[in-house]
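Below is one structure; the comments refer to it alone.
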Amino acid sequence: MTTPAHGHAADSDWRLPSRGRVGMFSLILAESAIFVIFVVAYVYNIGRSTFGPQPRQVLELPILNTIFLLSSSGTILMAERALVKRAMAAFIAWWALTIALGAIFLLGTAQEWHKLITKDGLTISTNLFGTTFYSLVGLHASHVIVGLVMLSAVLVFTLLGALKPEHTEKVEVLALYWHFVDWVWVVVFSVVYVIGR
Amino acid sequence: MAGGSIPVPGGLGSAADVAATEADGATWLEHLHSWVVTVDHKKLGVMYVLYALLFLVVGGIEALIIRIQLFFPDNHFVSAETFNRVFTMHGTTMIFFVAMPIVFGFGNYLMPLMLGVRDMAFPRLNAFSFWMSAFGGLLLYYSFIGGVGLQGAGSAPDVGWWAYAPLTSRAFSRGHSTDYWALALIVSGFGSIGAAINFIATAFCMRCKGMTLFRMPLFVWLYVVSSGLVLVAVSPLTAAQVMLTIDRYLGGHFFDTQAGGSAVVWAHFFWIFGHPEVYVLVLPAFAIINEVVPVFSRKAIFGYPAMVAASVGIGFVSLGVWAHHMFTIGMTSISNAFFVLSTMLVGIPTGIKIFNWIATMWGGKIRYRTPMLFAVGFLVQFLIAGLTGIILSVAPFNWQLHNSYFVIAHFHYVIVGAILFAIFSGIYYWFPKVTGRMLDERLGKWNFWLFVIGFHVCFDVMHIPGVLGMPRSIYTYEADRGWTGLNQIVSVGAIIQGIAIAILVYNMIHSALKGQEAGPDPWDAWTLEWATNSPPPPYNFAIEPVARSRRPLWDLKHPNDPDEPLEEG
Amino acid sequence: MSTGAQREHSATASQAENAIHLPAPTQWPLILAVGLTLLFAGLVTNVMISALGVVMAVCGAVGWFRQVLPQEAHEMLPVTLEEIAIEREGRRVTRVEHLHPVAGRAITGISTYPISSGIKGGFAGGTVMILLAEIYGVVRFHSIWYVVNLLGGAGVAGWNAPTEHDLGTFHLAAFLIAIVIHTASSFLVGLLYGALLPILPRHPIVLGGLIAPALWTGLLHSTLGLLNPYFDDHINWYWFALSQVGYGLVAGWVVAREGRLKSLRDVPLSVRLGVETAEPLKHDDEGRR
């Protein structure tokens, strides 16, 4: 009997990383690459618009909106903690608050776009600034929308009582996506509203 | 060890035939349905490969049209417009709908088997990714029928596979042909990203007991690096295609120079995808060679950690070399110098790999079966391709030869001479595992020798008209340029390669039906895919295997001389 | 036949006794893919196709969702346990019997020179080469700058067909470039030399002093006209070959003085590089055999 014996100890506690997390991190990497390209396109084209409204003339700092979105990263963290403790009432409250904050952010963006389109006459085809602005902010907003749809689905299932303890990890993976969406906004915000103005 | 039969992780000593085989009594339609709705990594892998081979034939026919057109000076076999479409479709097809899916197919089929598990990490995402890739190809080819758009212009895309702005703007590319190109690549890009996520998650989260990261076959490692590159390189292409679509549909100005946009930015975005893409394709080719060379040299792979490190190194360096495709576009001297140096840097990890393969063969007991023949062809041709690559990386030299047939010859050397040879090697190596039957060895030798001769006649000679100044993408040339004879030799080589591929297709069909029975392990190999039946049952392994070294099957075959575990855990 | 493999199987065999869970086949990913493709295809054809695509995509997404939640859908596949006979063609595995008494396996590279000695030799040879080249420059042209300018002159902008007087005077740019070229090529040739050493380990001076200079001079003789035409015009090939030989002899001498490594397996790096060595076996050798 010469089969090496010291492998057995390792086998008994054979642990592998969670595929949900690894998959989500991979997705986040791919998404980051997409955002990088749009951010580069935005930065490269700052000040290159030859006509039409310029950022300085039409953009206002969405500080309140930013605070709403970033704080939703904290509320979802609180929700996750509540879920691990199986404190379902707290989980529902924090989770609903997260959705509300995300929705307020989206409303704020909609308001800003409405003002830009109707008052300042800036659309995606008006000039280069409009093209890069709407595509970058729109890309982010579309991620917020996807995130909100999924967060709401979780909320509905929780209210129906279908959220079992074995789903905790799936919820955490979804929260990972929401954190990503939040922190991409920091990049978008600083590029569009701070550097680009 | 005298007996020819060894219990391996796929089987058990007491044979207990429990189930009736599922194929009994199933109609043709039920069979088809079981393939369409499958989430089994093996079926999806086979579909990827078949789909890629179908497009290989289509793209090959397009290549032959190009070569027939260039056979005579002032030829009118096809019109200039058709020629533009044909070379655009040839490039796009071969990269996105032949090379990518065939590579994904190999990974899909083999990765779980090699890791000793029963499926990929995300089986449904796997099916989704396959169908997205497949429908992308169909959408692209539908443009031949449906591409007639505004003002009756259109049909298939004709802007080159790199699709430089501003040719792709609405003003210069009327109709919908360019839209088909962009949208088809967005669709298949989603598929590629999904497949890459799946490969990474599988390698990290789906390993049998004892299969630590540094015991994974190098094949799996190479796929991890390649998938990482897909994530960071194909996503930019998707982003750029979205920008192009915004420009064309919503009147955006990303690449509209009159509004302040930049055409050069498109070139950057395209090559940020385009160059890593070469490594996305060549790393899986390395993966195949990493499996074939040791088995047919009867030696363990030389320098496993160095191979892993070199692969990761290639992955990182390849992200910083894209603009060597753009030396003639007019960059600053500093950027030129940077991209010259970073490109040359790729030579170091690549050299490590070539030396390690040679060191693996060195002193081995080499068996020149067809897979090994293709692998050796790969080694030689990849070296030459790398050398012309280093030549082209020198910016002043590049200024002379950019967009000439020298460049065409160089990258076909990489894609055909290296990647396709490795893929053929893999087909001959794993065909017995997939079908349970060996590919015919005599036809295989014919295939190899015709292909290698045709390849060298075609692509060795093709360097010369490039040096003589023949630009790429021209649909014909004057008789007094002195290119005629050379082009005719190149075309003859292309036809020889076409015959070789016809032999391969015949061999695959013939051997799948009537080939010699392979048995589970025809090559006396050492990785886990050979530890189960050929073809493997849907669950791969009845009992999940345990890995104690980098060559689990070697350990089972040689209980008195197992590979020592290289590290604990 | 060892029973080790069977023993560890029996531990896990219970799971495989009757059936195995596998993900159930499903059409929803396909429908989602069709939907998304139609959504994009609608952009080039008709907006109604996009609408159809959206409907299909939503159906596909919902169906997929219901497939994996609350429980992933599985199908039970009955297992067929059968003996897998590993047939091997040509089982002519040549066992190297006790080449190495401890491992029972062949050990590669019993003793050779380390690559670093090649690099040291390269620098030493490079220094000697400077001396030899300078002797030529001083004796023939009475200037220490002549050879420097020959080597570095390609980097001096605006130098067209320099005269011998030009070549004899000091140019800072040419000086710096010559230093860079000479240092880099001394290093690289030394590195190459060190890497080649294991091929001819017994005769470093022959390799360094004769074979390498012959190869190197031949290569330069055929390509120098392209690389550095001025150098090519003015070079004295005999003296050049001589200085190459001087370089190689000194480099070889330095390498020989460095001494050879006892065995590759004494180098931890080689173990890490995966060279098959007997190192891990040493400790429990007595207990196992």
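Letters A, B and C name the chains as they come in the text, with residue numbers starting at 1 for each one.
Here, contacts are C-beta pairs under 8 Å (C-beta built on N, C-alpha and C of every residue); 3 or more make two chains touch, one makes a residue touch a chain.
Small disclaimer: the values here were computed from a predicted structure and weren't measured.
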Chain contact graph, described as a line, ring, star, complete graph or other shape: complete
Pair sharing more residue contacts (C-beta pairs) when A-B is set against A-C: A-B
Inter-chain centre distance, chain B versus chain C - centres from mean C-alpha coordinates, in Å: 22
Where chain A and chain B are represented by their mean Cα positions, the distance between them in whole Å: 34
Averaged-CA centre spacing for the pair chain C and chain A, given as whole angstrom: 41
Where chain C touches two or more other chains, by residue: 2, 4-5
For chain A, residues contacting two or more additional chains: 2-3
Multi-chain contact sites of chain B, meaning residues that touch two or more partners: 125, 546, 559-560, 564
Chain C residues within the chain A interface of the complex: 2-5, 65, 69-70, 288
Chain B-facing residues of chain A, complex: 2-4, 6-7, 10-11, 14, 16-19, 22-23, 26-27, 29-31, 33-34, 36-38, 41, 44-45, 48-51, 124-125, 127-128, 131-132, 135
Complex contact set, residues of chain B against chain C: 1, 3-19, 34, 36-40, 118-119, 123-125, 127-128, 131-132, 135-136, 138-139, 142-143, 146-147, 149, 176, 179-180, 183, 186-187, 190-191, 245, 249, 298, 300-306, 363, 365, 367, 519-524, 530-533, 537-539, 542-544, 546, 556-557, 559-561, 564, 566
Complex contact set, residues of chain B against chain A: 121-122, 125, 193, 196-198, 200-202, 204-207, 209-210, 227-228, 231-236, 238-240, 242-243, 246-247, 250-254, 256, 258-262, 265, 269, 272, 546, 548, 555, 559-560, 562, 564-565, 568-569
Residues of chain A that touch chain C when the two form their complex: 1-3, 153, 157, 162, 164, 167, 170
